[in-house]
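First the structure, then my questions, so here it is.
By written order: A, B, C and D. Residues from 1 in each chain.
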Amino acid sequence: MIDVFSYVPAIVLLPFFSFLIALGAGKYLPKGGAFGGVAATAGSFLLSLWVLATVAGGGAVNRTIYTWASAGGIGPTDVELSFGILIDPLSALMLVIVTLVALLVHVFSLGYMNDEGETGLPRYYAGLGLFTASMLGFVVADNLLMAFMFFELVGLCSYLLIGFHFREPGPPSAAKKAFLVTRFGDYFFLIGVVAVIGTFGTAQFAGPESFPALADAALNGSGSVAWTPGGVELQTWLTVVGLLILGGVVGKSAQFPLHTWLPDAMEGPTPVSALIHAATMVAAGVYLVARMYGFYALTPTTLAVIAFIGGFTALFAATMGLVKDELKQVLAYSTISQYGYMMLALGAGGYVAAVFHLTTHAFFKALLFLGAGAVIIAMHHNEDMWDMGGLKSEMPVTYVTFLAGSLALAGIFPFAGFWSKDEILYEALVHAPGEPLLFGGYLMGLLAVPVTAFYTFRMVFLTFHGEPRSDTARDPEPVRWNVKGPLAVLGSLAVVTGLINMVPVQKVLGLEGIDLLHRWLDNEWGGIAGLSSHHYADIGPYSSQYIVGGEVATVLVGAAVSLGLALTGLLVAWQLYNVPSPTEHTAKLGGIKDVLYNNYYLDELQVWLAYRTEDVAGGADTFDQGIIDGVVNGVSSVSLIGGDRIRQVQNGVVSQYAALLTLGLVALIVLLGVTGGWFL
Amino acid sequence: MILEALIAVAFASALVVLLSPNEWAGRLAFALSLIPFAGSLYLWSGFDGSGNALTGGDIAYQTQIEWLEVGGRSVSWFVGLDGISLPLVVLTTFLVPLAILSAWTPIDSRQSQFYGLMLFMQANLLGVFTALDFFLWFVFWEAVLVPMYFLIGIWGGPRRKYAAIKFFVYTNAASLLMFIGFMSLTFALGDSVSSFALPEITGAIADGGLGSFAGLAPETLAMAAFLAMFLGFAVKVPIVPFHTWLPDAHVEAPTPVSVLLAGVLLKMGTYALLRYNFTMLPEQASALAIPIAAIAVISVIYGAMLALAQKDLKRIVAYSSVSSMGYVILGLVVFTEYGVGGATFQMVAHGLISGLMFMAVGVVYNATHTRMVGDMAGMADRMPVTVGILVAGAFGYMGLPLMAGFAGEFFIFVGSFAAPALPYAPLFTALAMFGIVIVAGYLLSAMQSTLFGPFELATDYEVGPAPFHDVAPLAVLLAAIIVLGVAPDIFFEMIRDAAVPVVEGVSVDG
Amino acid sequence: MTAVASSIPPEWYLLLAAAVFCVGLFGVLTRRDALYFLMSVELMMNAANINFVAFALYYGDLTGQVFALFVIALAAAEVAIGIGIILVLYRNFGVTDVTVPTEMRW
Amino acid sequence: MVEPLPQVTALLPVLLLAFTGLALLLVDTLSPDTRSNTSMAVVSALGALAALAATVWFVASGTGSGDTGGAILLFADAIKVDTMGLFFTAIFASVTSLVVVAAHDYFHDHPNPATFYSLTLFAATGMSLLAVANSLAVVFVALEMVSLPSYVLVAFLKQNRGSVEAGLKYFLVGALSSAIFLFGISLVYAATGSLMLGDVAGVLGDIAAGTDGLDSRSGIAGLGIVMILGGVAFKTASVPFHFWAPEAYEGAPAPVSAFLSSASKAAGFVIAFRVFTEAFPVGASLSADINWVLAFGILAAVTMTLGNFAAAVQEEVKRMLAYSSIGHAGYALIGVAALTGADGGAAANGAVMGAAMAHLLVYGFMNTGAFLFVAMAERWGVGRTFEDYAGLAKRAPVASTAMAVFMFSLAGLPPFAGFFSKYFLFMGAIDNGFLWLAAVGAVNSVISLYYYSRVVKALFIDDPASPTTLDTIDVRPTALYAAVVFAAVATVLLLPGFGPVIETAEAAASALF
């Protein structure tokens, strides 16, 4: 039996090689090195499936494969910084998702980039390859430091790909913003990493010597940590560390208040948006929390904060999605909103729910973006929905798949999104009592449901229904297999993914065992001790309470409420926009419209902050040149002036020389005489 | 005797190039500068030292020959390598050939003198990093000023004369202060030392050989000497507020000189701080831990803020060097293996990265004849490869993982966050870390406005891709940076080994 | 030695010499003519001679007296040189006033 | 070993110089038509070099040093040949040879250069005699032997107003100073009743111990000592007796300036070193309430400060060098200022005074070289200011490089000998606990770096005012070049070869304590 896990590095390295090939030889290869990328991601995908199968067969691994920096003292302890792989149900699942989406994006790019005659394709495919590789490296990371490093690399790739069209003014600025804002989050993440290593002497995710295990032991008194900052109580300190790491999550997963980079990131090519938002960069944040959930579960405050941020972001972003005119803008805010749901789930102790939504969202959001890409091709890169309309007859495949994705996003039964979102809300609901923050998060999450349904179908109707509102819409450019293929795959996934975890059905009908994902993440087929949902539930702070009657009742009520709300939103959208020639109704919102349209003026705020910082810098510069350097130059000029005074003594008249000479001598005599007492 | 041969070859080639005709001085210099590089690789391969050279570790390639005797103490030719000096020697011999390559385009007058001086400087730099006798070290230390003065003064920019004299006088003043400090320290040891060999002096101090001197009690004297030496080296590093000579020198100096100035000369200061202040007088260092850490943090943040305010690409990189050196100081003062080792590693890493940045900016300058952010835009359109490497280097500067800069900074942060020797260590570390945000801020802004967007150039030069011999060194540097970032242990292990005795110099309870 | 000479306490010789020295010094500081300057210097040297001679007598060893002769000879030589310089001074500047030549200053 | 040789041969260097001078004078007077500038220069150079050779040989063979039976006393102990004397004689001889060689080109069109050579050699003779004097009488006589020719040399260009003015000022200040010096000697004689250095020291000891009646003598002796100190200050161009120096060095022919600022200054220091150690030992003087160490300390600080600060703001290179040589006098004074009376301080005292001696030797080369470069510039006819020197390196790379070497060496930068000599001097001061003196020296050497580098900047960095300015450089004065290059080479080689110098100097100085 060959050990598949020894091939795990290959999953990461294959896309990396495609990066090297595209970068080095891309311009000599057909399609600008696209095939290399496709082949590489396909290989990674197959390997990932194999890994998944192996894990299903009971295998799991947590292995250090490379020592980055040899052991040395950091004060309280010695540490060794290393790279390794951690393959358990969670990471195996994530591997499959990432590689699949990456593969489809590569294929789609053939249609979106090559067929559209883009320049700089080698750079593009190199970027995709590196992006995929970084994300995969992040997924398999076995310790926080390695995770951070690939986390950062993901950021770099987002910079490169968002700024792909560097000759235009917009993309570079968007790329800069994306990197800067996430870097700001990563600053706290980095402090967190250092703090974890300093506190526990290790950054391992799994195993008895992992930092979640050590923290658990230290909290229940059966162990201790190497170091805590003087005077800080352990629980508090762990909360602080948790929140610090959360900073990185908030940045990458575009949670409030660091979400502002994501809409701008739409400047990147659409397939890149699909990759970033569905499966890689933005997913990384949530995945990180899930990865080290054993640590977060120990600190209720952190969980509550996560839940609240998530719920708030879900609603907040959804409202902004209401009024956008560009196709991708709507999708962008929906992404932010959906990741808010995942955060809510994690904060609510719904570990499985979060992973579930992460999975479904990965598929239907990739689908939506690629669909949007198809539309954009058809519309000759015009994204304004008010110029579209009536496309469903022109591009049926795109329409059907896009519709599936939209239904999933809106959380309509029985599409994937329904199951995952419903479970999130359920988890939040049952854990909410006695947790004000969590309850607030739940309410906002619930409120976001109709809003989501509304803006989703506003988008669908404006794009595909009604009369064409422009010439291009009347005669859209056809798309080829390399566009339809990925859409078809993802479309079907968007429909069926929900089946992997039909908890409500199980609970209502009592069908045991159909909650595959639960059992999967509970290590039923194998996994690593301490990384199971059960364990998390045990150490977590929450206990379930059913408001309405028993469990089943609660399930049904919860599902009914969320579905009902979703349908309401859908219907409103139907009323307003599913008409031959829809008109803008945003005016009805009055002042609120501007606020929403300008994203609550948060970008303005950040710009303002940036300018103030520059002012401070300018002041510092003035101070530096004026005062500090002034002193330096002052010393020299003072010396020279002194020299000029001194030379005046030498006035050329020899008699005065004689006089001064005599004076000097007398002075000496007097000095020595007085000190020596000669004259007594 | 290999070490001697290395330095001798460097001096000899300097002389040869100085006398060679201008036409092929550049090529000759490059060829000759490869010899020391090969030599240093050989030294690396055969390196068998362990421990710290000053605290009685096994010194590799050691030679000690009596030179002269003054004031009853002997001065000797005493050179050797340990885990701290070897990486810096390799760095020097590695950077010089590349710097010489990068000079082929911009240097178009008095080439033989230029390259001769470059090689002369290299010889002295090698001396600085290998000398283990105070006076021998001091000779090399001061001798570096002479070629630098000419290199800035003759081939520099418009205000080159001002910059050259400022650098010259300022750093020399610092050396004198340091000299007085160190001499008082030595003579306070009385007859317990019979030479100026640094290991002997370090040992004597460690054994409590310090007596009262010039009316100062031993503790007072040690503290005074520490401060004198610290201030002396602070100018060289440079640490805020003694940094103002640096931007002027960098802006005026021609590209290859900036490369060596940022890449190696600044490291002289931190290297000396490590050798003298932190290895010889650890108690004083840890007694002053808080103020030193404070100025380290100030250097990081203040330097970064200044860089944020600059419009001249070279000035930006210059100020960010000030910022990066702040990390090194922080790493030194925390007295942990990762802190001190990381600081030393950061010297090498920053040497490579800042070298790359200056070189890349220089290549752009060769094409555009301007370094002002406002004067150009969209350079990526005209010189893709150069810009690509420049961007990579910039990310390296921002501490992108798997590049050398991240390794150095991360080692320092890990080493300092929980350091017992420094009160409020987590606070200081967190503050210093914020530098990585600001550095991203100004580098990204500068790149966005100069490299990206639609191409435009204030001047009307025809801009095309840079010649091979301009781009090649950039690529080589980038490769080195990545290698060092992926496998820092190739240096870090030996560095840490040499750092352990330094760390043990301070006894921290708990 | 004669009774007179020995009966005078040595301090008096010192005072005399000092007085003469000061007179010379006063001349040097006040006179602007090179020749007066020269003479004043001679005076100062002779003040020294007084000491030598007197204390040679006081201590009863001849070194002082012999040295005084040397000094006189050297003074003569110095004057010779001085006159020569004053001569060329007169040729070039047309004066013997020492305060006139001030071309080089500061 | 030199044992078989009769004692008097120890004076060989002095005699060589003296006879060379006489020979030149003889030829010049007997057959004025056969003399030629070249032959004169060659003869005097040979004479000086012979003296140098003899000196070096003596030093090498340890003549007069402790390990070969100690100093050699001659002429009723009036002469004392020891290592220090020989060391300084070496300085005088080498400077003299450099100067006479350079003079050959400098005076190429002078009607009667012969007198120059003889006068120079007579002055040199006086200096070397000064170096071995063991009695205040001999000191004074030798001092005049140095001074009188020097006055004439400064005023050597009779038609040149500058030269004459310089000569006049030098003479007047010199005459006054030697009068003061002489009166000081007389007072010391009055207080101690002897002129022999050793005996004076003995009586001073008695006075300190108070073992004889007249304790007021310490006052008289003190007065005398301060006046003698004044004479020393004159020779070494130290404040407040420095006023002659800027004018004399600027107005005199450049070779003469070189000679005075290097050799004559060293002569002043040999007086200081010998008289103040052998006649007025530190310990005895201090216990007799005569704190001349403090006096020298003040002088050193003031002198180096005045010299360097004034030099920093000069427009003319030659005058800048003049002030810089005042500054260096200040440095060298540390050798007698940073002395300690504490018992057991002998070694440290020897160290610092030895460092001063070594500094003077190195200074002899680098400063002479610098002035000879100025001589070359005057020979070329380029102007005197920094601006006039702009871009010279383009036309005269070798000479300019040599000048750069001198400047950096004077500034105390490696890899030049000035580095060691200066830093060892500061080190000696610190060793004796005179941190403040070292600090003042440090500040000053920073200033000096500024103005020395101005010259280098002019030569190498600045561009000539107009392309034609450099056309005046149409000759290559061989002898001048030879002298300058030789001085430069010596300045460089003395860094690696500093060992023998400093060790000899220290040994010689330590022998005095």
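Rule of thumb we're sticking to: contacts are C-beta pairs under 8 Å (C-beta built on N, C-alpha and C of every residue); 3 or more make two chains touch, one makes a residue touch a chain.
Worth saying up front: this structure is predicted, and the values here are computed from it rather than measured.
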item	value
Between C-D and B-D, the pair joined by more C-beta contacts	C-D
Chain centroid nearest the full-protein CA centroid	B
Inter-chain centre distance, subunit B versus subunit C - centres from mean C-alpha coordinates, in Å	65
Distance from subunit D to subunit B - Cα centre to Cα centre, in angstrom	42
Between subunit C and subunit D, centroid-to-centroid distance (C-alpha), Å	26
Between subunit B and subunit A, distance of the C-alpha-averaged centres to the nearest whole Å	37
For subunit B, residues contacting two or more additional chains	169
Residues within subunit C bordering two or more other chains	28, 98, 101-105
For subunit A, residues that touch 2 or more chains besides their own	636, 647, 650, 652, 654, 658
Of subunit C, residues touching subunit A in the complex	25, 28-29, 32, 98-99, 101-106
Residues of subunit D touching subunit A in the complex	168-169, 172-173, 176-177, 180, 218-219, 222-223, 226-227, 229-230, 239-241, 243-244, 246-247, 289-292, 294-295, 298, 305-306, 309-314, 323, 447, 450
Interface residues, subunit A side, partner subunit D - complex	636, 639-640, 642-644, 646-647, 649-650, 652, 654, 657-658, 660-661, 663-665, 668-669, 671-673, 675-679
Contact footprint of subunit D on subunit B as seen in their complex	67-72, 135, 138-140, 142-143, 145-146, 149-150, 153-154, 160-161, 164-165, 168-169, 172-173, 176-177, 179-180, 183-184, 187, 213-215
Of subunit B, residues touching subunit A in the complex	166, 169-170, 240-241, 244-245, 302, 305-306, 308-310, 334, 336-339, 341, 378, 380-381, 395, 398, 400-402, 406-407, 410-411, 413-415, 417-421, 425-426, 429-430, 433-434, 436-437, 440-441, 444-445, 448, 451-455, 487-489, 492-493, 496, 500, 503
